[in-house]
Amino acid sequence: MISYSLADFKPIVPELVLLFFTFLILFVDFAIPKAKKKINGFIALIGVVITFVVVLSLYGSSWTGFNDMIVFDKASGFVNVVLLLTAFVAILMSLDFIKREEINFGEYYEILLFSLVAMQVFGSTYNLIVMFLAVETLSIAMYILTAIKRNGLRSTEAAMKYFILGSFASSFLILGIALIYGLFGTVDLLRTKELLTGADTLHTWIAIVSFVLILVGFGFKIAAFPFHAWTPDVYEGAITPISAFMSIAPKAASFMALMRLLVVGMFPIQVEWTKLLWVIAVFTMFFGNLVALWQKDLKRLLGYSSIAHAGYMLVGITAANSLGYGAVLFYLFGYIFMNLGAFSVAEYISKKDVEGCLIDDLRGMGYKYPLTGAAMLIFMFSLAGVPPTVGFVGKYYLFSAAVKSHLYWLAVLGVINSAISAYFYLNIIVTMYMKGGAKEEVVSFPSPYLRAAIAIGAVGTILFGVAPGSVLNAALSSIVF
Amino acid sequence: MQYYVPFLMVAFILFAVGAIGVLVRRNFFVVLMSLEIMINSAGLVFVILSYFSGTISGQVFFIFVAAVAASETAVGLAIAVLMYRVRHTVDVTEFSIMKR
Amino acid sequence: MNQLHFPILSFITFWPLLGVFILLFINRKNETAIRIVTFVFMLIDFLVSTLLYFYFDPTTWQPQFVDKIPWISSLGMNYYLGIDGLSLFLVILTTFLSVVGQFSTWSAIKEKVKEFNIVFLLLLTGMLGVFESLDAFLFYVFWEFELIPMYLMIGIWGGPHRVFATMKFFLYTFAGSVFMLVAIMATYFLFHHYTGTYTFDMFQLASHPLPHHLQFWLFLAFFLAFAIKVPMFPFHTWLPWAHVEAPTAGSVLLAGVLLKMGTYGFLRFNLPMFPSMTHALGILVIVLAITGIFYGAVVAMVQPDWKKLVAYSSVSHLGYAMLGMFALNSQGMEGSIMEMINHGVSTGALFLMVGILYERRHTRLFSEYGGIAAIMPRYAVLAGVVTLSSLGLPGTNGFISEFLCLIGAFKANIWYGIVVAGGAVVSAVYLLMMFQKVFYVKTRNVKNLGLKDLDLRETVYMGICVLGILWIGLYPNPLLSRMHVSVEHLLQHVNSYSKQITINVDKNLTCNKLAKINVISRGGL
Amino acid sequence: MEWLLLLCVLSPAVGCIINGLFGRWTYRAAGVIGSTFLGISFALAIPLIIYAIQGHIIDYDYYHWIISGKLDVPFGLRLDSLSAMMLGVVTFVSFMIHIYSIGYMGGHKGYARFFAYLNLFVFAMLLLCMGNNYLTLFIGWEGVGFCSYILIGYYYEKKTAADAGRKAFVTTRIGDVGFTIGILFIILYFGSVKFTDIFPQAHILPPMIATIITLALFFGATGKSAQFPLYVWLPDAMEGPTPVSALIHAATMVTAGVYMVARSAPLYALSPTGSLVVASIGAFTAFFAATMALTHFDLKRILAYSTISQIGYMMIGVGVGAYWTGMFHLMTHAFFKALLFLSAGAVMHAMHGILDMRLMGGLRHKMPQTCAVMIIASLAIAGIPPLSGFFSKDHILGEALMLGHPIIWMVGVITAFMTAYYMFRMVFFTFFGESRVPEGLHPHEAPNVMLVPLWVLAVGSIVVGAIFGIKMHGHIPIEHFISLTSPVAFPKVYEVNESLLIIISIVAGVLGIAVAWLSYIPKWAPKWRSWFVRTFHPLYRCCFNLWWVDEVYNCLFCRPFWHVSERFLWKVVDDKLIDAGVDDVGRIAGLAGKAVRILQTGFINNYAYWVSAGALIVCGWYLLKIM
């Protein structure tokens, strides 16, 4: 007989606090008139900050609840920090933006926080079914948020593509989980680990096949090569705060879950999945970088670059040593500042009701808005992996993990990719600073919160590039299960 | 453990039918239906394996799967409405502005 | 050990950042204030760096003025600045050239002056960091960081094809140094594998090098990154582009300092950390260096554009430096370091000359010029001295370094010396051709007649360069005396590994046709 | 005493700095300043020479120039008999030429600049002579080369002058390559460049190495002293002003090579083959240059070829091992060749720049003193007894024969005959016969400030030979003086009685003058000359076109060198191969991107297709592995 006591709720305290604020927004939303919808945003902000404080205070302790379905350890603490930080910046970006785009109905923040809760759960569970449920809640919330701009042509197309491919991939996921259940009679990763070590060759091979099917689901979420096709269209279609949020939060949670699956669940067949991930990582990196060379639209370019960065993180995972996993987490942490910064600059120059923002709109921005120009310069160099930025430190550790496990060729290919990527990142700087004939008035979207978001991004990129010490140690020591 | 392979084959065939449905058909609603088939076939695998392994947890998991499938379809229909309002068509291939 | 007990190196490196901070608050319109503030900051930096020269203790090869703070202690990374005989003068050269470069652009850069000076100060920090850092990771951070300001400087204030030039410059160097990154990682882990400690400290990494077979790929990776930067013969095509499009100050620093990072990198990484491979692949580098000397000079001869000529001349001069270095004897090594310093001063001065004329006539083609000596006599005299120094006339600094490299090469193998001795002729040909095209023969172009001679400011900074050239030429001892111990230590370290496996470079290359020469005093020098 | 020596060497440098930096203010007085500093240097030289004659030697290192590893190169000066003689010759002749050029360069623009360069040149030459190690010598060596570059290119407005300057510098630089290789070998074997370290233990050298070093050093000398392979720059160097030609291309710079060979006598003593090569090239150059001077009409070109030929003689002297004869001829040659050039300058000055003999004739009436001086100098160079030329040339030929080189002696005598012929051909053609001067010109005698140095040099070229050359109480003064530092290297082979040699050389000289007289003075002279030209037509054409050496060099080296580097190295290798190759690497990435881009068709079916294809391929691959 399974009995639940109060102790079981300890690991999900952060989720509960966030849920509380979600419902708070729900009720408050009825009370406020249409004009003052911004209050929801502020409540959401406060909620995220409080959860952040709660997570930080709980950091370091490790509990398990609901007989090992949910676990709160350093790793999930770190992922929570990443998720909350992303949400914080995303909300900052969207406070004034949704008012301008007339999407000012309260549910926007509420769905955002719901997806956040789902991601927190997704990142801190060993149970496959709970993972599946978390993925699905998360995805559904994302479909809605993508389609939030009702009359937008591109956002509808993006939502449609995201929905079809999302559910298509998740059906593979559930098929894989079912096979695993059939094989071992359990869906808990800790037990599958023991069962898999003793299994005979037939069981191992079927386990690998089922792992591949699960990988399709996860691969879709982190935009790995064969399953990446949705990313550019959805990032271009969705409204900028959402594509910013979507480029990091779900990816961070799915990377965390993938690591739990690989390190714990699939530990006995590590040799197999390292080879498989080796191939996928290389393809993802090359695809992301090569296609990005030709992009004209900034958000679409950032979509392809996020594919490439997923490839770099896969290199960290393929290295299959604690340094690699820690590096992936740190890279995700660093990726917040770089990517959100770049997206917020994209939002900064976006015009009302004009979908998609061309790189050419940036022309001459380096001189009209010197600070934003400088921030964009920092983001671009960080994404390209040029030192004193967090991008470089992150990439350094990913590739050094690969070198540590003697995957020299992987490191070399990864490093070549970052060289290729330098071209299109620098192309943006060229358009900003070096191309003459600035467009007429480079219109800018003067929202104080947006400028705060850009500032956070810039400061974070440089600060953690120059002094990554504490966060890096936290990341490196978190993957210990 | 009785011989459960033929049952699994049914489930996989069903899964394949659903997958091909998504790949080939152009109407959004047909795609929705084939997605539903795929997820249910995955659920079916759960039920088969739980029956043959004697435990009932598989069937409980199927309930979760079914619930999730339902909510997804709901959202899918909402997107269908949006598609119609924007493009007055539900043909999937119409929506291909964003490419390359 | 830090004899001053004051973090002087960190002060020198990050002092320009303070300048940048202050510049941010000055209004964009107030250009003279911006220029003066930047100039003052750089001058202070230069004066402080001369302090290094006086307090330098020439008797020890250990790094001096050390600032060592743990950065990420868990992985053996620490913020470790220090200089020894090899890098002392490169630091002073950097600060000197930046002061002169900045002083020369008061009239050259008219628009976006504030951004230019900020980028200039950032570039200075980056360059100083490279020469001072003794931690491989920190070295790489500064190595990449200094690419950004140079990229912006060429890109924003450059000539007509600046975008292509700056992209080519950045990507070429970045692609090369990215392989170096993987090599640093591999060295880091392999070092741990063989000695059990995780460290990035260059001196420690060099203390017990890896076994011979492992060194091959590492040596090649570092070689690629540094050869592109030097630039050695096949990897030099970015240099003419970058120089032609860069603004004067950019060219001065690009030629004067950035190219030295490549040669300096060899001194810090390839030679100490992979000594046995240095002996094995020494021939390859020497052959490339010699081809570079002749190729650079010969192609420079036919260039229609003045800056392209000077760019190819840098390829030729630095060929000498590389030749001297891989001759692996004390004369060759000291000659190569002297060549780095002299090339910095004389090619920097050459670019300043080009800049002065470019400011007046806004063209760099020889066909436009002629007979400038009659119109601008003082300019012609100073230009003459600078041309002589890059020609290597005894009494100027060029001769000291070229002759020492020649002795070094000669001692390594007689045939290298004989072949390279011809280099002096080739360099004489193209430099005198340049001098004649610009300064001699009556001017046909009427625009040249109205040019006014050097004003006070230009005379001052050109005069300083010429004084530097003559001083090093006539009395190089203060520089040479401070190099001996460090060079001796490096050579003793490198040569001690030559006996094991590698073929000794000069044994099997005795010259056959002339006669069976048995070189008596092998160790005589 | 050593500080006196330093002062003597440095005073021209001080003159150069004053004229150079303050040229604008000391415009008018530049000539005087330049000459006074030369005067000081000459004044200081006299006590030094006397000190050296008394047998003392000064060898002092002022400071350590380059210290690298165990190599220590000092900056030091050395005064011994050899360098004392050079000191005397250089300072005296350049002092005279400075005074002469005050008058000659009077009206020219850039007057101060000229004197600055001239002083710099003398400073470099003194450094070369006085240096106590090979590298200080090398500073002087290249410094002199540079000064000749700027002085030849003094009239830089003229393209021919600028090209001549560049040609001089590059050719001498080619020579310097050999010199550098020589020094490198010395450093390799002796570990030092100081004469005091090298010469005492020169015997440790294996003979082969000694030959290599001597030949390398001699190759440097051929560049600087315009010997056979690298003499092409000297005739073109006549573009410079005449005092420059007089100073540099007659008295001082071109003799640097001879001095260097004499200075490294111990090395040359070690390798007879090296010395033989020196002597034979010297002989060949003497003969070859003489043939070229026979048919020329330009006054200064003839003198240039005669200089090359006379230096050939000096090379014979030092080549056979009798260094004192070479140096003796160097001294006497300095006097009368400077005299010849200066008088040619006076003629040019009078004829407002015309140098072509065919436009002159019968000038002895209008320029009696110049004509007289010219005749004295020609007699001296032809080797007629009382004058200095006879003594030095006779001793060279005598020593050459006695030290076992009969062929060289034979060539020497023939060249003596040819020298006498072309010198007096010049004298008769310009000063005697009817006047062919074009109307507008009326040549006048040179001003006094130019005539005084001419007469002083004339007296010198008469007296010097006698003072030093005649055997007084047992030995020839110059022989004793020079052999203190570089004694005669090889043993005597033949024993020949002196008087016979003297008679032969006098006969050769007189015969040359007679032939010249016959072919120019009498009425029927032109007919005889045209017959002579018709019969020996091919020989005449070769001599007239200077054996096409310049053209051969051009099409063998210069033009192909330029074309290869322009068409092939720059355009093809650099632009097409390397540069394009690098850009293509970038382009490949672009093309790959373009190809892969098509994957993103925008249709949802394709995306779903990719997802399922990916899943199928991986599962299939693993399933196959199970089978």
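Letters A, B, C and D mark the chains as written, and numbering starts fresh at 1 in each.
The criterion applied here is as follows: a residue touches a chain if its C-beta (ideal position, glycine included) is under 8 Å from a C-beta of that chain, and two chains touch if they have at least 3 such contacts.
All figures in this text were calculated on a predicted structure; none of them were measured in a lab.
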Chains contacting each of subunit B and subunit D, listed by label: A
Between C-D and A-D, the pair with more C-beta contacts: C-D
Chain centre separation (subunit A, subunit D; CA means) in Å: 79
Subunit C and subunit D, separation of their C-alpha mean positions in angstrom: 37
Distance from subunit B to subunit A - Cα centre to Cα centre, in angstrom: 26
Distance between the centres, which are taken as Cα means, of subunit C and subunit A, whole angstrom: 44
Set of subunit A residues in contact with two or more other chains: 160-161, 164, 168, 232-233, 294, 423
Multi-chain contact residues (two or more partners), subunit D: 586, 597, 600, 602, 604, 608, 612
Where subunit B touches two or more other chains, by residue: 19, 22, 31, 92, 95-100
Contact footprint of subunit C on subunit D as seen in their complex: 20, 63-71, 135, 138-139, 141-143, 146, 149, 153, 156-159, 162-163, 166, 169-170, 173-174, 176-177, 180-181, 184, 187-191, 204, 206, 208-209, 212, 561-562, 564-566, 569-570, 574, 578-579, 582-583, 586
For the subunit A and subunit C complex, residues of the former touching the latter: 367, 370, 381, 386-388, 392, 396, 399-400, 403-404, 408, 411-412, 415-416, 418-419, 422-423, 426-427, 429-430, 433-435, 467-469, 472-473, 476
For the subunit D and subunit B complex, residues of the former touching the latter: 597-598, 600-605, 608-609, 612
Subunit B to subunit A touching residues, read off their complex: 15, 18-19, 22, 28, 31, 35, 38-39, 41-43, 45-46, 48-50, 53, 55, 57-58, 61, 64-65, 68, 71-72, 75-76, 78-79, 82-83, 85-87, 92, 95-100
Residue ranges of subunit C touching subunit A (in the complex, touch as defined): 71-72, 74, 112, 115, 137, 140-145, 147-148, 151-152, 155-156, 162-163, 166-167, 170-171, 174-175, 178-179, 181-182, 185-186, 188-189, 217
